[in-house]
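Each remark here refers to the structure printed beneath this line.
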Amino acid sequence: MELLIQAGIALAKILIVITVMLLTVSYLVYFERKISAWIQNRRGPNRVGWYGALQPFADVFKLLLKEDIVPSNANKFIHSLAPFITLFVSFATYAVIPFGPDIKLFGRTIQLALADVNIGVLYVLALTSLGVYGLTFAGWSSGSKYSLLGGIRSSAQMISYEVSMGFSIAGVILLSESLRPMAIVESQYGFMWNALIQPIGFITIVVSAFAETNRLPFDLPEAEPELVGGYHTEYSSMKFAGFFLAEYANMIIASAMIVTLYLGGWQFPYIDKFGLSMGLTAGIQVLSFLLKMALVLFFFIWVRWSIPRFRYDQLMNLGWKVMFPLSLLNLIWVAALIMIFNI
Amino acid sequence: MEFNTIYNNLFYLVPEIAVSAFLLLVVLADLILGNNKKLLPYLSIAGMLVAGFCVMNQMTFSGAVFSPSGQSKSFGMVTVDSFGAFFKLLVVISTILVVFFSFSSEEIKKSTRRQGEYYTLILGMVLGMFLMISATDLILIYLSLELMSLSSYVLTGFTKLKDRNSEAALKYLIYGAVSSGLMLFGISIVYGLTGSTNLYVINTLLQSPQINMLALGIAGILIFAGIGYKISAAPFHFWTPDVYEGAPITITAFLSVASKAAGFALLARFIKVTFVSSVAPSGHWLLIPVFPWKELLIVISILTMTLGNFTALWQTNLKRMLAYSSIAHAGYLLLSVAVLSNQGLVAMLVYFAIYAFMNLGAFFIVMIIANKIGSEDLEDYKGLGYSMPFLGVTFGMFLVSLTGLPPSAGFIGKLYLFIALVDANMITVAVIALLNTVVALYYYIRVLKEMFLSKPTGEPVSLRLSPLSLILILVMLAPVVIFGVYFTPVVEFAKSCITILGM
Amino acid sequence: MNIYDIVFYLFAAITLASAFVVVTARNIIYSAFSLLFTFFGIAGLYVLLGADFIAVVQLMVYVGGILVLILFGVMLTNKITSVQIKTGTLQVIPAILGTALMAGVLIKIFTGTNWHSQMAQYPTKTTAYALGHILLTDYVLIFELLGILLLIALIGAATIARKEEKAS
């Protein structure tokens, strides 16, 4: 019986998270279009539904109804597998991100995270490094040189920036002395947000997150003038939708990770001092997590429509010669803080 | 292990720390100085001098440090003793000589922009050798071996303008990867049998009777494959001729002396610490009867020297010939380990002290001549004895010494080896080794014959030696001549350096 | 046979089957692809042994780093140059004899040896702390040496990769 209840709770959490994720992804696309329209002083989608609110569903139907074209000299098996790998990685990553404190419901404690893994941070890193495979396989199996170059570009880019991302995460781990996302969030009580303690690390992780998600200014795999559509040039219909979905899911995960690691996660500064009831506190904390995430996501979109694209060599130079040393510097900075203040 | 213990233990590692510090200094200097690479070799030599000084200070030390917590204090990961100090000195001296060689090497000069990497990698090799010499933990043995190998793979392919060079590096890498894989597998079996990687702990466990002989035997052979590759013992020698021929001569000389010395030090220490239960008053080692080291080593060494000597007969490229000759020398040196006694150890140290100078000297002269005539083929050496009398005569002396004829120093090395063999009642083996020396005589003398008795084919070449080269040749020639007649100090020094910390 | 046994055999089967494909596949991309599953299986085995940290690091290093590099190498050379990279079979009979002999000896060793073993414990907390502690105390020398080894490897790789200036 106990096992069944446990399984039921886990299943419920998974269902909620996946639904929220999928909805967020579709509306993220909508908001991206709306915000870009706003930035460029035009209207954006406004035909389907109220102010175009049903636009994402229309897009999905359009993609579903399109013909699925596989190039004749593509490797069929890997060609169809690649979007699944990408999607799997994006969704599996979300398992360890805590979106709220422990809550008491019907006499049992429920953690507001799908899994409170001891080495959650490493789990995310490992899965991110798996994400490369989706792109590489997609690029290779299409049997087109644009796809291949796009795939290799994006995976080289992801691998390069993974290094500085790893090191900026290391700074966080050094302070929290734990690889558990829950513990990392709890260590940022009050205003002890890592973004304030280690600003260099915050900068490097944000920049790396842009590169990891292949977003502008680092969206070289999709540089239209040179590479057509990059690794997904030869994809159409739902397979293309898979990549599209994964890109936005990755954005959500990246912002959730940034919030968890650097912006205090679900912590609302000093909320326990307000004397609110348990449920209300938890509600505010979950909301504050979502709000922070929304702000980071807005930042992502804002940057996309404001900054021009880097050239490929500039991107690599920035990654290896600026971001990587900076993230090392951040590590030294944190170590020095710990030495001096005995945090 | 407490921080204090670590700190105290570091005191025993001063030479290694000095080498690492200078390694980093060379990297930084390379970065800061930009295009001015003149300082780098001097920096490396300074590093070697400092390391050598630290080693000299450690001559009388003995102790094993970095013992894991929960183990007895004497069961350390690194063992510092006079045996190790001797080999470290040898490595330091040959490194200094090789760095000086690099001054006058045309091959290295061509790639001026990468000088920084060259000296960094040489220092990396030295660090690997230092740790190999004193390692008494299987993980450390493996790591230091890898450190040395990695640096030497790159150095072998350092001058990228010739195809032979890249071929040599690739062959070296592939053979090396296989042999280190084998060694790692052997190490994992030993760990599975004993639950420890510390050689001292393994030694105590081997003395209990429940060890599976077959598993240990396979593990021993696999680990020997890893070490045997480094010392180019047959049948793990296939890389040697190609690599020695393809690599820049400075690196060839370095590989043939220093890395071989480190390999032998590792082999001797590994056998002594792991498989010897006690040393008899007569100086003989009492093996734990779990693995037939003596038989294995004798078979391998006879195979190695015979193969090396007979194949050398047909070589027409001098670097290749010297490669096979160094395989043959590895065979003789393996015999000194196979004796499994302190006398054998003395013979090994004496042999190495002399071998280092004569082999480096021979390679140096080959390099100078190659700088001038651009070839290492025996054909092109015709009549060189007349156009370059000084080089011809000194080369002859090195070759005579490599053969082991009296009154050269090489004779003394062989003499002590044979004494040790006879002392251990290994008469048959001694006779085979002696016959091998006769074969060796043929191909060494053939070079001299070409140089002095053949008519020069082309235009006579003349060569003006730079003062540095002259001094270097004299520095290497001096021990070869002097130790041949006045060898007591070497032998006495070697005798004082045979402490291997073990059970 | 409890659940751990079943999971163990599952992972072992994945590892073995995909490793078999690695060596038998004709297309080198398929080899690389099934190597992915071999690494996964091994990571799973590490988890079963309670080595959670090593399992994740195995994924990060081998799957995230090394295999990607292998794939890059294969992809960039496979189609751009017209050379077909396919594995062939040479010397079948000597190879079979050699491997059979080796397998016989190894099986004999692994079944007939009293291995030094201890009961596996399923750890209740992460092994990262203990690992970090032991790496910086007992094995600090090896840890630091690894640092230098990697530095040398990096310098060596850069040396080999850098374009040689023309001999002037």
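A few remarks follow.
A, B and C label the chains in the order they appear, each numbered from 1.
Please note the rule applied: a contact is a pair of C-beta atoms (placed from the backbone, for glycine too) under 8 Å apart; a residue touches a chain by one contact, two chains touch by 3 or more.
Please read these numbers as outputs of a predicted model, since none were measured by experiment.
Look at the CA centroids: the one farthest from the centroid of chain A belongs to B. A simple rule picks the central chain: find each chain's mean C-alpha point, then take the one closest to the mean of all protein C-alpha atoms, which gives C.
With centres defined as mean CA coordinates, chain C is found 32 Å away from chain B. Mean C-alpha positions place chain A and chain C at a centre distance of 29 Å. Chain A and chain B, compared by their mean Cα positions, are separated by 54 Å.
Interface residues of chain A, counted against chain C in their complex, comprise 75, 78, 118-119, 122-123, 125-126, 128-130, 132-133, 136-137, 139-140, 148, 151-152, 155-156, 159, 162, 179-180. In the complex of the two chains, the chain C residues touching chain B come out as 105-106, 108-109, 112-116, 137-142, 145-146, 148-149, 151-153, 155-156, 158-160, 162, 164-165, 167. Interface of chain C with chain A (complex): residues 29, 33, 36, 52-53, 56-57, 59-60, 63-65, 68, 71-72, 75-76, 79, 125-126, 128. Across the complex, chain C is touched by residues 1-3, 6, 13, 20, 23, 27, 66, 68-69, 77-78, 110-111, 113-114, 117, 120-121, 124, 127, 131, 139-140, 143-144, 146-147, 150-151, 153-154, 157-158, 160-161, 169, 189, 192-195, 210, 212, 214-215, 218 of chain B.
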